[in-house]
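Mind having a look at this structure? Questions to follow.
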Amino acid sequence: MTILETSGGKRGRAAIGREVLVKWAPLLVLLVLCGIFALMEPRFLSTRNFARILIAASPALMVAIGVTFVIIMGSIDLSMEGTVSVCAVAFALCFLWFGGTLASWAWLALPITLLVGAALGFINGLIHVKLKIPSFMASLAMGFVGTGLAMVTTGGDRIRIEDELFRSLLTERILNFPLMVYVAGIFLLIAWFIQTRTTLGRNFYAVGGGEDLAVASGLNVNRVRVMGFALAGMFFSVGALLAVGRIGIAETATGNNFMFLSITAVVVGGTALWGGIGGVWNTLVGVLIVFVIGNGMVVIGLPGYVQDGVLGILVILAVILSTDRKSISFVK
Amino acid sequence: MYQLNKVDKTFPGVHALKAVDFTIGRGEIVGLVGENGAGKSTLMKVIYGAYQPNGGTVSIDGTTVRFQNPRQAMDHGIGMVFQEQSLIINLTVMENIFLGFEQQFVRWGVIDWKAMAKAARHQLRKVKLDIDPAMVTSQLSFAQRQLVELAKVLALEERIKGDLVILLDEPTSVLAREEVELLFSLVRELTSRASFIFVSHRMDEVLELSDRIYVMKDGAVVDVVTQAEANVDAIQRKMVGRDVDKEYYREQLQKPYDASKTLVRFDRASVAGKFSDISFDLHAGEVLCLVGTEGSGREAILRTIFGLERPTGGTVDVKGASHCATAQEAVARGVGYVPRERKVEGIVDGMNVYENMTLSQMGRFSTRGVLRIAEEKALAQTWIDRLGIKTPDVYKDCGGLSGGNQQKVVLAKWRSGGSDIILLDHPTRGLDIGAKEDVYDMIREMCNEGAGIVLVADTLEEAIGLSHTILVLKDGIFQKRFDGSPGDKPTLYDLVHHMT
Amino acid sequence: MSLEKLKPYFPWLTLGVLLLLVGAVNPSFLNPASLLQLVADIVPLFIMAVGMTFAIYIGGIDLSVQQVANLVTVIATVYLAQFGVFVTVICIAVGFAIGAVSGWVTTRQFVPSFVATLAMGFIALSGARFLSGERALSMNAEARDASFGWMFGNTGGVPHELIIAALLLALAWFLQTRTTFGRALKSVGAGELAAVASGLNVHRIKILAFALSGAFAAIAGLMFSVKLSGGDANLANGFLILAIVAVLVGGTPLTGGVGGVINTLVGTLIVVVIRSAMVYLEIDATMQQMIFGLILILAIATTIDRSKMRIVK
Amino acid sequence: MSTFIKKFIEREKINRRNFLFASAYGLGGAAALGAFGPGTARAALTDPTIAWSYRNRTNPYWNEIVSGGEAFVESLGMSKGALTHLINEGSSEKSLADVKAILAKTSGNLALAIDTNDAPNARPVVEAVAGAGGYASTLWNKTDDLHPWDFGDNYVSHMSWSDEGPAEQTARILLDAMGGKGGVVHLGGIASNNPAIERLQGLKNALKDYPDVELLAAEPADWDTQKANQVMSAFLTRYGDEITGVHCANDTIAYGVLEALRAEGIEDMPIVSYDGNPQAVKLVADKKILATVFTNPHWGGGITASLAYHAATGHFKPSEEPNEHREFYGPTILIRPEDAVEFKANYLDSVPTYDWTDFWGPSNGAIVYK
């Protein structure tokens, strides 16, 4: 899946208006969607409902942010389902082993989980870079390995996390929003910080914008790639923590459905699959669009069998609207 | 003082560099010329660390060094300005300048954008470019990008102790003449800070700029001449081992065109934002050359004839009928397009010779969609023989052919299909002299067979030498028409005067 | 023979080595009758993978195939009694149409095929759920036997399913290598811009590639539906990832222009050998997925031809 | 020492026989291919491989099924590991392919217990097993026109559960707890699954007697905790306080619903579910869930394997059994808070030891088609 950009570069001033429009299109789509759902069912537009949408979206947002970095590099990471499962299970096991409540040493399970996620991503990146396997395939296979690992570890059992302190992620609210929404927000800011203020974050864009050029500039692209996958793995593990926090259960199935969901969200948000364009705020908007559609369709009472189709149509429309058609000549 | 001493480089089956000696002193500008395949690019890659030599030594100020990668070369003050644009266009100017060297602006893991912008402005001043370093690179013109590249290399200056050696690989190929002048004066000024290795196919430019010129042939340095003793003919003789005389452009083969037979007619045609109010006729047997700088509307006119742009004003007629709506239609009506980006648009890398040759005319080699492959191969063999295409057989992947042979495949594609309106966009770009001559031969031949050719030439000399008619364009507007019959051709000055 | 010359045969070698390894541990695996049956059983998956090859060959991907197959199982089951064997036409037409729309959205609307086909899959799923009334439907047994009973017979010991697969493979191979369409596909996959500059109608070719992918997915769904004698909106679940893996392991990379349907044949065989070997070698069921992933990495690492990949993304 | 050596010798015997079969195929060549397998002529098997094919290990329900299968295998004096697991991960294609692979591996010397993942998949699975001379018993999924007695002895039995009645019972408990008024929402399984359809029907049946209760909405949650969580959240937005009771199609859905309610600080919503997983039973004891239905998957898993095994080894001849011994309903036990502690003691804390040759004792009558 590659794309060639027209060798432009001489886009006149007149084009800026369109560029600005395209840049903000995902947000507009989000607002319009909210407007439509609110018109059809006024209850959609309530703080409590937004809290519900955000609770549902928080784990997916973390996973999508992780994969955003990889997509900006022009690669793709499909290992999230496995990584999330492994991290969820690893967290639960560590947490219980260390005492089962945050008040004890069990808080150690949190950093350990992040390390597990980063390590999985690191391995993923190494396989991709060292064996020269395209990331699509390498990460897909690593996803299988991850899901399998979680399965072997648990034997299929679910592990409950009952600790009230940990579950306060869901139950404790500040200004009507539960703690996990704030945690997701903090990690979003961290991601934004990485994206804009660190060498690594900027190097993602360099690799995505022109890998051979980046090599010629003396950039250690392989290192950037591996670090990118490791960073993605770490964000997947944050997603796993929030997913466990939301349901209170860690299991092999914790990672289910994250793959297509997160990549769809990233693309809908306006990050280009061919790399170099987009960022974590795009991803936030994309995730919100997907979850607003999901929530909105139930809220307005669409029959179940129509929902998948409507989601499909809306996703296509959202991507069309947020694509700068003038700047690309073809897409695969 | 940078020195190569008896440097050898071999690849399996190829002795690419043979005991090459090369020195460059402080503040010197050294030219490097040679045909394609003479070893220029291998030599450059050795210099900037992309290749490691098999024999001989590289030394800087008398100390032997060995670079494992370009980054190590950079750390020793050797920088490269690439032929193809090597800036990453989705990054800002300052990010490009300091790509790979951001660490100096990092405080506690955070990039200090203000400090980087300040440093970038300092670098941009060296190349006299007054732009906001936070601008996204894609918004710059090609000439501005070239200067940013230079600034990027010059930024090495503050990072290393010794002197800078800067390689300029075909830096002028995307620049208009005026921009080239600017670049050259800048380079001369910068000799106070660095020495330059200047690589170009444009012999006049090499002569104009260089203090000394290394001439390479077959992997060896065959001559080193100083600016004072250099002349184009002598150097070209050394490069090719034979004379390149006035017959270079085959002017004696130029025949008058058939004015009664009009193939393409532009009548006050415009494409919004690209060109406006352009009128000309292309006749059978005519070479019509469009001259102008990048963005003057030359390419847009080609694209319009080929059906990729639609005229927004006036009329464009192709063979008496209205303009082509699509490229498919254009091809069907006998328009052939030889694009500038040969490897990307000309041939399909990954398809073999006969597949490439019939790509535009598969209808003629198929029955209800089923290909008659034997006929395709026969056709390919015919044209391989006729044009002297150097390929082991028709099954050879075109991506593995040399540039000249690739171009011959592209030309064969259109000629074998009977196209009689041929659009040539920089047809000799990046070709060595021998291949260029072959292309010129073919252009004459096509004319004599009654084809009309619209040419966007690689150099002005080429434009003058080849064409019957020259249209000079500037910013999408027609400037001046020259009729260039042999012996009565416009001079370089005439063209440049109207272009800029 | 140099390593370079061997490269195109790496997928075959991988398959051979796998077969020998499994056979060495458990010789009964190499029993020809069961091998034949093994291969006959993956025919629907194989057909879907062949279709997917067209989409990947031009550098795209088709994630809608599984849902197209789901929809087709429902259509086939619902309309079999009414149209008999001609339900095939309806099924293929539906698959073709969905693929064509995916192609149109991708080429004309610039939606990456990853997302466009995923979304089209959702739409197909909606159709399947609606048409099935959200129930598992079973085919009328007589109608099934009358129209498609021949599909499960043998001729000279060769299951008819295999013959169908062979015919479809031959058709796909013919399309790929012997027709202007196949040549155009290759040029689009290997150098889309050159194809444009040669005056090919690239959009139409790409749309057709996706349409073919959909049509093959429909045939796969139909065969699966007939085999299982029923249909519902989830029946073909589990096909998608395997089909992609089969294409990729066979050596048709996502970058397009290299590989082809014969590669997909090898890829499918590799996948099925790995999978059945797990049963043969009595690998703990909970570990199978992990081991599948690990072997997959090894298989891909050995089968892919990196010579056309300048940058590995 | 003795068991180890005995097993070793037995295994050698099997391998030897498999090898002989393999050679026979090899020699027979194409001519032998037509007649698929020698199994049809085989009356009874000795020492068949016992296999359980099921959807996945991430659902506690299937883990219970598996534990039953393992308990049965252990009752034969073998180790747990002797049970072959085939996991289809929700793919009918893999389910069928795995069955074919194990049939080929064992040359039909197989006693298979299987849930075929989707009803249409049952026919090809049974046909393949019968064709190879193996023995199969199915659980849950099969189409209505497929019957064991049409396959002689090889398709041993089918067990399912009639969920409509028990689901109606739990619904009544729910509706009573709601005081016979208000609004109820239903979160269902995968829409096309039979149990999902029946459990919703049970609720609808009960609602006829409660005219003041409105069925606000019924949405599939695909037996999935996370999906249930999201659907319930959306329900809360749409209906808010109108929801006064939740009817869940199974326990895993109920967990998601409970967490969605917990996020909103709603602690006292009446909820009923189904399956009787240990965790759900605990929730019933804590009155977080008002009722669930225990279908004894442990027994179901064991007895399905046992039926296939004992038919395969000739312990009984299925074709001589009446139809109600070949298609029958499994047991159901309603668990309410007052029963929960006792139930937990009897069934969960110490798993009862079953007589795996008492095939039909706990069963619940012949399957009735509508």
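Per-chain residue numbering starts at 1, and chain names A, B, C and D are given in the order in which the chains are listed.
Criterion: a contact is a pair of C-beta atoms (placed from the backbone, for glycine too) under 8 Å apart; a residue touches a chain by one contact, two chains touch by 3 or more.
This structure is a prediction, so every number in the text was calculated from the model and none was measured.
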Contact-richer chain pair (by C-beta pairs counted) among C-D and A-B: C-D
Most widely separated chain from chain A, with each centre as the mean of CA atoms: B
Averaged-CA centre spacing for the pair chain D and chain C, given as whole angstrom: 31
Where chain B and chain C are represented by their mean Cα positions, the distance between them in whole Å: 44
Chain centre separation (chain B, chain D; CA means) in Å: 70
In chain B, residues with contacts to at least two other chains: 344
Contacts with 2+ other chains: residues of chain D: 57, 191, 220
Contacts with 2+ other chains: residues of chain A: 4, 151, 155-156, 304-305
Pairwise touch network: line, ring, star, complete, or other: other
Pairs of chains found to touch, sorted by chain label: A-B, A-C, A-D, B-C, C-D
Footprint of chain C on chain A - complex, ascending: 1-2, 4, 73-76, 82, 127-129, 131-138, 140-149, 151-152, 155-156, 211-212, 260, 263-264, 267-268, 273-275, 304-313, 315-316, 319-320, 323, 325, 328-332
Residues on chain D engaged by chain A in the complex (per definition of touch): 56-60, 62-63, 191, 217, 219-220, 224-226, 229-231, 233-238, 240, 255-256, 259-260, 262-265, 279
Footprint of chain B on chain C - complex, ascending: 178-181, 183-184, 186-187, 189-191, 193-201, 257-258, 308
Chain A residues within the chain B interface of the complex: 4, 8-12, 193, 197-199, 202-203, 205-206, 208-210, 213-220, 276-277
Contact set on chain A toward chain D in their complex: 41, 43-44, 46, 48-49, 52-53, 55-56, 151, 155-158, 160, 167, 170-171, 178, 243, 246-249, 251-254, 256-257, 294-295, 298-301, 304-305
